[in-house]
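Going in written order, the chains are labelled A, B and C, and every chain counts its residues from 1.
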Amino acid sequence: MPLVRITVPQGVPAERRRALADGVHGALVETASVPPDDRFQVIEEVPPDNLIFSRTYLGLAHTGPMAFVQIFLNQGRTVDVKKALYARIADAGIAAGFRREDVLVNLVEVTRENWCFGGGVMSYPPAP
Amino acid sequence: MPLVRITVPQGVPAERRRALADGVHGALVETASVPPDDRFQVIEEVPPDNLIFSRTYLGLAHTGPMAFVQIFLNQGRTVDVKKALYARIADAGIAAGFRREDVLVNLVEVTRENWCFGGGVMSYPPAP
Amino acid sequence: MPLVRITVPQGVPAERRRALADGVHGALVETASVPPDDRFQVIEEVPPDNLIFSRTYLGLAHTGPMAFVQIFLNQGRTVDVKKALYARIADAGIAAGFRREDVLVNLVEVTRENWCFGGGVMSYPPAP
């Protein structure tokens, strides 16, 4: 059920992009109860000048290339699950050759009724 | 009021991309009370390797090319409206040459105050 | 904390894209209590035919090029803050060479727990 948008600057090699996408999915499976075959991801590449980031926010030394990982998923994960997810995604970033500081994650939560994974039908039964 | 992001792999011809966008908008008009002239859509094309999808989730045989249709809209549509919307978007996908299984829809709901369609003004009166 | 996606048609020169991004960030700082160094933005350029917009919705004469400005941010801004933000972003659009009518803004609000700006840690303490 997550839909994941990963945005990176052009120039990150295909293997590293794929490694990051693999790692983000693995993090969702391991920490956030996402089924292994529930994987839908887009990798967006933009010219480096089109990916703009602060170098100092919250004391984090962003140097780039940064990866913006935006995850649309069902609401209801606990704070602890989200913390574990962030940590695991940072690990995935390192495995993909990014600096730990340079992987941003944003979660956007939706309701169960808001998904159709194909076939024209609502994928999950609505909450009672 | 919807803002629609349609993501497809590169290689889908312009006519099919446009047909899908037309069909998604038509589905919103017919099922979800969207005014016909309330149409704002982006079609994103990414290299096929950058659009990653499970081939088996929920028993749906995704073969691709897939289209990810993400719709940002005001909250408040009923479950029945959403179901009708999904069905109609799948029809639109077929009309645009996609397999019925290969059109994913995700709704992201926001409040009425969260739109400015231009001119620097809030487009809808806030909920009382 | 905002993550900003700015979508424009290909052909808008780099200086104007940057001016718009600068202006959107300035608007967030001036009207919505965003720290100056809390800036994370993506500019997406798509072929003009892939950015589809009504020319008449709500009486606004959209002629293009349009800019779609989507801002993911923490919930809680008041209606007045949002109104001020829209006005200031429209000003920013003009300064960047866009018509006032041609800058669309959509806010998507999330909770405080939904951000990791890097380093694998939750960036803001959860709401009590």
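The rule is simple: a residue touches a chain if its C-beta (ideal position, glycine included) is under 8 Å from a C-beta of that chain, and two chains touch if they have at least 3 such contacts.
Please read all numbers here as calculations on a predicted model, not as lab measurements.
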- Query: When the CA atoms of chain A are placed over those of chain C, what is the turn angle between 0 and 180 degrees, to the nearest 5?
  - Reply: 120
- Same-site or different-site touching of chain A by its copy chain B, using the half cut: different
- Task: Give, as an integer number of Å, the spacing between the C-alpha centres of chain B and chain A.
- Result: 20
- Query: Can you list the chain B residues in contact with two or more other chains?
  - Reply: 44, 108
- Taking the complex as given, what residues does chain A use to touch chain B? 3, 14, 17-18, 21, 35, 37-45, 72, 108, 110-111, 113-123, 126
- Item | Touch list for chain C against partner chain B, complex | 7, 44, 46, 49-58, 60, 62, 66, 68, 70, 79, 82-83, 86-91, 100-109
